[in-house]
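Naming follows writing order (A, B, C and D), and every chain is counted from residue 1.
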Amino acid sequence: MTTSYNQIAGQSVERLAALSDGIFAVAMTLLVLDLRAPAAEAVHSERDLWRALVALSPRLVMYMMSFLTLGIFWVGQQTQLNHLARSDRSLSWIHLAFLFLVSITPFSTALLAEFVRYRSALLVYWLNIALLGATLYLSWVCALGAGLVKPDLPAEIQAAIKRRIVMGQSLYALGALLCVFLNTYWSIGFIVLVQLYYAIAPRIPGRRRT
Amino acid sequence: MTTSYNQIAGQSVERLAALSDGIFAVAMTLLVLDLRAPAAEAVHSERDLWRALVALSPRLVMYMMSFLTLGIFWVGQQTQLNHLARSDRSLSWIHLAFLFLVSITPFSTALLAEFVRYRSALLVYWLNIALLGATLYLSWVCALGAGLVKPDLPAEIQAAIKRRIVMGQSLYALGALLCVFLNTYWSIGFIVLVQLYYAIAPRIPGRRRT
Amino acid sequence: MTTSYNQIAGQSVERLAALSDGIFAVAMTLLVLDLRAPAAEAVHSERDLWRALVALSPRLVMYMMSFLTLGIFWVGQQTQLNHLARSDRSLSWIHLAFLFLVSITPFSTALLAEFVRYRSALLVYWLNIALLGATLYLSWVCALGAGLVKPDLPAEIQAAIKRRIVMGQSLYALGALLCVFLNTYWSIGFIVLVQLYYAIAPRIPGRRRT
Amino acid sequence: MTTSYNQIAGQSVERLAALSDGIFAVAMTLLVLDLRAPAAEAVHSERDLWRALVALSPRLVMYMMSFLTLGIFWVGQQTQLNHLARSDRSLSWIHLAFLFLVSITPFSTALLAEFVRYRSALLVYWLNIALLGATLYLSWVCALGAGLVKPDLPAEIQAAIKRRIVMGQSLYALGALLCVFLNTYWSIGFIVLVQLYYAIAPRIPGRRRT
C-alpha cells in the first residue's frame, strides 16, 4: 500500500498561522486603501479641507467597523490554532475557505460604505460575517473530531470556543434583522456595539464569566 | 581556497517559508482587489444593486477558482518545505521562480475574468498553472538530488509528492485541451471540478489511497 | 463555573508579532504606491523626465518621513513585545488599535503630501502620530499592570520605555505647534529632524545616556 | 545611571527578518500589479488579444528583472541575518533604510518600464540598486564592527559576503555605464545577464570557487 499524499499534506500549524497572519494583515491594510485624500481641485482653503475631511468620516467609521470585525475573527482563529497540536489537509482547507472570506471583506466593506442605505449591501456584509463564523465553527468541530487539538485541552475550553461563536453570530443576525424592521443605520449601529462589546469586554459587576 | 558565497547563501528553510507565506498572502488578497463595488451613479434602487451584484458573480467565481489554485499550490509547497532539513542557493532560486509565478496569478486571473470566452486568455491561465506545477516538481527533484530532505523521509512519500504533481498537471492539461474541442466554459468548469476534488478530496469507498 | 472565552483568547505574543510585522510591512510598502511614474504623454525628452522627477521629490521626502515614522513605531512596539512573557485579550486589542493607526498612516501621509501647506492636513498627520504614541504607552502600562512582562525585567527598563514615548511625543507636539506660529514647512522640518535624531541617535559627547 | 532605551531597542533578529520578508513579499507582488489586462474595448478577436499580450511582454521582462533584483537582495540580506547572533538599534535602522529602498523598487521599475529609452529612468533604476548594495554592505560592516555576528563565524565567510557585494555592484555600475556609450537597451540586457548569472550561478569548469 502506498502512502497517500493526503496523509502528509497540510500538517504544519505554524505555516497555516503564518499564511493567516499575512492575509489578515493585507486585508486589514487594504480596507483603508479606499480612503482617498480629497481631490486637490476641490480644495481652496482650510475650511474646504475640513469639510472634505468631515465628509470622509462616515467612511472612516465603516473601515473601523471592518477592522474590528477582522480583529475579532483574527483573535478567534488564533485562539483555535493555539490549541492545535497539528493540522491536517481537511482542516487546512477549512481555514483556507475562512481566509477566502477574510480576503473579500475589503470588497463587502467598500460595498457597504458606498451603498450604506441599501439593505442588499448590508445583507452581503452580514453574509460575509455569518460565513466567517460558520467556517470558524466548522474548523473547531473538525479539529475536535479528528483529534488534532492538544491532548491536555480541558473540555470547558472546547465548549467556551463553540459558545462564543454561536453567541456572537446570533447577535450579528439580530443586528442584520434590524434593517428589515427599521433601517440599515440601526443594523450598523447595533453591529458596531456588539463588536465594541467583544473587543472591550467590560467586566459586568456581579457576573463571574465575561 | 576561499569559501564561496554560494555555499553559504539561501540556507534557511524558515525564511523561504516566511517569504512564501507573505507572497501567497498578498497574491491571494490582491486577487479580490479587482472586485470593485458597482458605480454609485448606476444604482438607484435595491433592484439595481442586486442586478449589479449578480452581474459581478461570474467574476467572483473566477477569483474563487484562483484562490483555490493558489491554495492547492500553497499546500503543495508547504508539504515539500516541511520535509526539508535545509535549503541551498539553487533550491531557493527554484522556489523564487515558483513565487514569481504565484505573483503573476492575479494578472492571469484578471485576464481570464475579462476575456472569459477567449482561448488565448485560457491558455495564458493554464500556462501559469502548468509552470507552477513544473517549478514545484523541479524543486522536489532538486531537493532529493542535493540531499536536502530530512534523512528519515520514507521513499513512498518522495514518490507520493511527485505522483500528485504529475496527476494534477495531467488533469489541468486535459481541461485546457477542452477549449480546443469545445469552448472555454467547459475548460473552466473542468478545472474547477479538478480543484474542488483536490481541495475536498472525498474518500471514495473501496479505495485505500485517496 | 465555566471557563471564560476571554481568559483563553489572544495569548500568543508570537502571533501578535507576526500580524504586526505583516501590517507594518504592507503599510510601509503601500506608502510608496502613491508615488506614480510621470505620465508618458507629458514627457518628450530627457529634460522633461528629469523635471518630472524633480517635481516628484517633495513627495518622496514625505514618504521617507512616514517610513521613518513607521520604522520608529515598529522598533518601539518590537521592544515592548520582546519583553512580554505572554499576552492577553485586552493587550491584544490595544495592539490592534495601534495597528489600525498604523494602517491609516498611508492615508494621512497622502493627505499631507497633497495638501502640504494646509494646517488641517498637518494636524491630521500629527493626530495620527499622537494616537500611535498614546496606544503604545497604554499597552505598556497595561502589560505592566497585568503582570504580562517577563519576570526578570529590570525596573529601569520599564521606566526607559515610558520615558522614551513621553519625550518623543512632547517633541512631536512641539513640532505640530510650530505650524500655528510659523507655517507647516517649519513643522515638517522639525518633525523630520526629531525622527532622524531618533533613527540615527548620535552619541552626544559628555552625556552617558543617549 | 539609567538604562538607555537605545540599549534595549531593536534587538530581535527574528522580528527584523519577519518585517523584511513581509516588505519583500509585498514589493515583489506589487511589481506585477502594474501589469494590467488589456482594455476590453480594444479587443474584438483572438488575434487582437494575442497582439495585446505580445505588446505587454516587454513590461513582463522588466518585472522579471526587478523580481530577480529583489530576489538577489533577499538572498543577500537573508545570508547576513542568518549569521547574526543578535541585532541592535543601529543595525535595525540600517536594515530599515535597506527596506525603504526595497519598497521603492516597484516605483523605479514602473518608471523604467514606462520610459525604457530614457537614460534618466535607467540611472534612477541603477541608483536604486546601487543604494541597496551600499546599505547591505554597510549593514555587514556594522554587524562585524559591533560584534553582532555569531562567534563561530569563519573569517573567510566575512570576506566572501563583502566580496560578493563589491563584485556585483561593479558589474551593475558597468552595465549602467553602457547607456552612456551605447543605449539603455544594452544596459538592461547587460544587467539582466549579470542577474541571471547570480541567480543560476553556473559552475564554470576549471574554477573551484563559484
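Basically, a contact is a pair of C-beta atoms (placed from the backbone, for glycine too) under 8 Å apart; a residue touches a chain by one contact, two chains touch by 3 or more.
Only a predicted model underlies this, so the values are computations on that prediction, with no experimental measurement involved.
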Taking each chain's centre as the mean of its Cα atoms, which chain lies farthest from chain C?
B
Two copies, chain A and chain C, superposed on Cα atoms differ by a rotation in degrees, nearest 5, of 90
Indicate whether more than half of the residue numbers at the chain C-chain D interface occur in both copies; give same if so and different if not.
different
Distance between the centres, which are taken as Cα means, of chain B and chain A, whole angstrom:
25
Return the residues of chain A touching two or more other chains; collapse runs of consecutive numbers into ranges.
18, 21-22, 25-26, 30
For a test of understanding, state which residues of chain C touch chain D in their complex under the given definition.
17-18, 21-22, 24-26, 28-33, 35-38, 40, 43, 46, 49-50, 53, 64, 67, 71, 74-76, 78-79, 81-83, 154, 156-157, 159-161, 163-164, 199-201, 208-210
Chain B residues touching chain D - in the complex, by the definition given at the top
1-6, 8-12, 15, 18-19, 21-23, 25-27, 30, 89-90, 92-93, 96, 99-100, 103-104, 106-107, 110-111, 113-115, 118-121, 124
